[in-house]
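Chain naming follows the written order as A, B, C, D, E and F, and within any one chain the residues start at number 1.
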Amino acid sequence: MDTSLILQNLLTPPVLFFFLGVLAVLLGSDLEIPAPLPKLFSLYLLLAIGFKGGLELQHSGVGGPVLLTIAAAVLMSLLVPVYSFALLRWKLDGFNAAAIAATYGSISAVTFITAESFLDTLGLHHDGFMVAALALMESPAIIVGLLLVKLAVPAGGEAGQPMRWGAVLKEALLNGSVFLLVGSLVVGVLTAANNPQGAEKMLPFTDKLFYGALSFFLLDMGIVAAQRLRDLRQAGAFLIGFSLGMPLFNAVLGSLIARGLGLEAGNALLFVVLCASASYIAVPAAMRMTVPEANPSFYISTALGLTFPFNIVVGIPLYMALVNRLLP
Amino acid sequence: MKRVDLILSERELDPVLQAIDQAGCTGYTVMRHVTGRGPRGAVSDNMEFSGLGANAHVIVFCAPELLEPLRSTLRPLLGYYGGIGFVSDAEPL
Amino acid sequence: MDTSLILQNLLTPPVLFFFLGVLAVLLGSDLEIPAPLPKLFSLYLLLAIGFKGGLELQHSGVGGPVLLTIAAAVLMSLLVPVYSFALLRWKLDGFNAAAIAATYGSISAVTFITAESFLDTLGLHHDGFMVAALALMESPAIIVGLLLVKLAVPAGGEAGQPMRWGAVLKEALLNGSVFLLVGSLVVGVLTAANNPQGAEKMLPFTDKLFYGALSFFLLDMGIVAAQRLRDLRQAGAFLIGFSLGMPLFNAVLGSLIARGLGLEAGNALLFVVLCASASYIAVPAAMRMTVPEANPSFYISTALGLTFPFNIVVGIPLYMALVNRLLP
Amino acid sequence: MDTSLILQNLLTPPVLFFFLGVLAVLLGSDLEIPAPLPKLFSLYLLLAIGFKGGLELQHSGVGGPVLLTIAAAVLMSLLVPVYSFALLRWKLDGFNAAAIAATYGSISAVTFITAESFLDTLGLHHDGFMVAALALMESPAIIVGLLLVKLAVPAGGEAGQPMRWGAVLKEALLNGSVFLLVGSLVVGVLTAANNPQGAEKMLPFTDKLFYGALSFFLLDMGIVAAQRLRDLRQAGAFLIGFSLGMPLFNAVLGSLIARGLGLEAGNALLFVVLCASASYIAVPAAMRMTVPEANPSFYISTALGLTFPFNIVVGIPLYMALVNRLLP
Amino acid sequence: MKRVDLILSERELDPVLQAIDQAGCTGYTVMRHVTGRGPRGAVSDNMEFSGLGANAHVIVFCAPELLEPLRSTLRPLLGYYGGIGFVSDAEPL
Amino acid sequence: MKRVDLILSERELDPVLQAIDQAGCTGYTVMRHVTGRGPRGAVSDNMEFSGLGANAHVIVFCAPELLEPLRSTLRPLLGYYGGIGFVSDAEPL
């Protein structure tokens, strides 16, 4: 059954275009999607996923189980960096360990979106409040990562630069992608509540176009991820193992929590994907600014070069199978 | 007059421009979306969508006596976050 | 009734995304829509509004009342700069007064588009020829602005640079946004007349996508307008008062003219919005080139930092109420 | 009949927007679509045409006549450069002759797409395998072009730089536009075969938007082509004659082959358009890299400044009339 | 040889490039979408959609004797519309 | 220290950057989407969609003794494909 799910995921346009991007780099084609075009798609996807999530959230409402699920999601984003850090410290210094740990505590919006598309293909229902969970998992991991640096490297930076906590908190809570996601969610909620006609008129943009735009963006992500793969050789076997093993571990833990929360299959998969995915947008940007001592090629190439493709291609169907087996 | 060329990550641009203002320079020019390679590795613009940013190239034409204040604030910044700064001579056209 | 209209306008996706952009700047988020992405949306909106206007214009035809309305619109774009200039000269030098005056004589296409969306939400009909009025109001104000400079500052520029009238006229009549708007209008007319099937095939692009693209663009406009707000402090109380009072005055005058012309409510609102809005696209670009003595932060921050948000958020529903009250 | 077809082609939005772009340059408007926005549309069109072609190819299958047509197309892309070269050598040196010859052996995807739109307007059926022919005609001409340089200029470059064959082959077979077109075709085939639901979800992006996006892109192409027209004066009467005569000759030859292959009218027109069009994407980029001795303004301005507008505006309906007359 | 750096508004680029051509320079290089701050205030690229334009950075490598003709046409232009020009030394590689 | 400015077609960027690496320079900076005019005609970025590319501006700060190896690989490249290279003096800030 696993293999049929994997095939079913592999042969969708988004994943096929991702492969096409990877192939372009491997074969040495000069195909490129020049900046800032990928930013357009990235902004669009965040706006659309937020808005659609907001519409659904307004319809489903925010009951007790919803809040419990969101709380569990935030808890995981605090917890994952802690045990990731402990593991990474085994081989890496405090700066690099903290930066990578934060990356895995946070989430990848594109992985989440791809999982939603996968669920749509299977015809499995999922709820808008999972987008709220997505939005709320991005920031906490950044803060935990910086606390870990503080604890592990008490001197606070080689050059003795004092930690700029204000800048750090702003970066964590207000960085562009978090802000746009949360903001679009709120716009979606307000629109659904007051102006159903306006919501209707947004749909050709936020809904109809979504699958194609995701495919286009994944073409670029394939190119970028494959370029990062090269850096990974430099990172060594330990980090390669980490970037494949940690998502799996987080996925198992996530499935158990999802079961405990009594989530239905669609929401459970999204919950697991949030736990298993790593950030290559908000967190690396924050880390480069706040932990310049860490080597960006480590935290970017693990999250983007390996964990992301793994999740997109194999992880999502695998986690689906896991969820199907674990859920009552 | 002196010409100062600074190349650094876009993410640290704000404090650098502040330092230039505070040193009393009459102006500056910024080119963003710059890529390159330095002691800390290669910087590309293909992660621009992620907010990670590429490099910026800052040019400042200023009086020689402003070099010292510029140097004293910029050196630690470039030392900690990475980036380079060079000075050469230039005369107004 | 005013407040219900205002609320109805506030809670539409375009206006909500505009607020989101403003909020991003106020809170210090690093959300940005890097150049030239806003240009893409700006070009798209001009092309789409022009094309749709052309389709409708072809169907409604160009009768006497249509020409009268367009003539009145052009007249207003000549008149507004003159009395604005007289008022502004009270506190400002001739260069700055002329540049700001020209700005208020011209129009804001995005305000017009937002007003159209507002009418669609209310289910009020409006005609394609109003787009022609929009297109024809952009250029005259630029020329009046330059005549005012000529008259008020006879020396013709401090440095004694001779006025380049050829360049000025070209800028006024052929600048990119005027050209694209008029051109798309003509393409729309020709397509509707000869190729209804082709018009049909354009609709997913020019129609269905429009509302979402407008929302996305207004997110950026919110960011840019809020950044301009800071400049406004420098401009002082007089200019702040001008940038709120002048639209209101022009709106009242516009309503009376609309009543005189016997326009129906939808067209009347659009006419009023044309009178009340100020240009932050064609005119500032022309002024920077032709009146470099004027301070751009004055004419841009009044038109974009204050008048534009005011019109988008409060003005449109207010003018609607005005029109409802004044029209027989 | 010819004139009615020409009018029918002229008054479609894509062609009208192309004219609008040309007009912007002729009148001196500062309308511009700044880089990299045109690249976005170029990538989109290649992806969409490839994907749609792939879907259709999967449904129609690859039988004997299909392979024969594709083989004939590739043969033409090998043959055209040879006799073009012979003709061009009459007035030009080996480097320039080879570069222009390669340009005319290869194809213009946008001309092909415009021809497809033209067929859709006429309601004439055409097949997905023609997109495969399009994809396979881009590379061979590049290689023939370089062989011609090798043969005609045995020294192998003035500066004695050895021909970098590896780089040349990579450029020919793997340049971005060829790669994206072929890749999207394969993605389309795989999607149609395994995931009809996914194909369905792509349609709003790849299908519905297509006509509008083509129109927008042709606005830019009009600007760029008109800018190139100026270079053409420098090129002289011989090249101007060549860039109008060669497409016509190739079209007649192509029609005869299409008749021999027994193609139906729609496919025959596309075949003729492939023969008659010249490349201004893949080939010029390859030539600039591999034959730097040739003057780019020659091979770009002939293909883009003259042959492209000619085909878009007059050529397509003319070839349609030709096909109608020649086909049994 | 001399190196001339000009920084000015994109909207005045055309007359400046014409002046460079007319002075007899063999070439020039242009970088657009440049931002900065000078005596006339800050210039950003976030109004690019409005056609207002940002700055351009123009580099000209030319023989010393061309400086004078360049100076005579460019100085009034930069003086009226804003922008700066600086000269330094450079040798062909 | 020396400052080397190279301006050449984006399509030849890769071999040029390789040459800089091989000469032993500690880094380089690249600005793309640069336009200009030179002996081989004008280069614009309005054909960017075609993959033709515009120019790139490469800046290298390096020790004087690296000029010779740089020159020996770059000169033939620039001579064959077009492009220019200039050297000037610069001191670390």
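A few comments on the model shown:
Assume a contact is a pair of C-beta atoms (placed from the backbone, for glycine too) under 8 Å apart; a residue touches a chain by one contact, two chains touch by 3 or more.
These figures come from a predicted structure and were not determined experimentally.
In summary, the chains found to touch both subunit A and subunit F are B, D.
Among the remaining chains, the Cα-based centre furthest from that of subunit F is the centre of C.
Counting the residue numbers used at the interface between subunit B and subunit E, under half appear in both copies, so the two copies meet with largely different residues.
Chain pairs D-F and A-D differ in how many C-beta pairs they share in contact, with the greater number at A-D.
The chain with its CA mean position farthest from that of subunit D is B. Centre-to-centre spacing of subunit D and subunit E amounts to 39 Å, using the average Cα coordinate of each chain. Per-chain CA centroids place subunit E at a distance of 20 Å from subunit F. Subunit B and subunit D have Cα centroids lying 45 Å from one another. For subunit B, the set of residues that touch two or more other chains comprises 31, 33, 48, 51, 88-89. Among all residues of subunit C, those that touch two or more other chains are 30, 32, 34-36, 39-40, 175-176, 204, 208-209. Pairwise, the chains that touch each other are A-B, A-C, A-D, B-E, B-F, C-D, C-E, D-F, E-F. Touching subunit E in their complex are the following residues of subunit B: 1, 3, 17, 21, 26-33, 59, 61, 88-93.
By the touch criterion given at the top, residues 7-8, 11-13, 16-17, 20, 23-24, 27-37, 40, 120-121, 204, 208-209, 211-213, 215-216, 219 of subunit D touch subunit C in their complex. If you check the complex, the residues on subunit F that touch subunit E are 4-7, 31, 33-39, 55, 57, 67, 70-71, 74-75, 78, 84-89.
Per the touch definition, subunit A reaches subunit C in the complex via residues 35-36, 39-40, 43-44, 47, 51, 170-171, 174-176, 179-180, 183-184, 187, 190-191, 193-195, 197-199, 201-202, 204-206, 208-209. Put simply, subunit B touches subunit A in their complex at residues 9, 11-12, 33, 41, 44-54, 76, 79-82.
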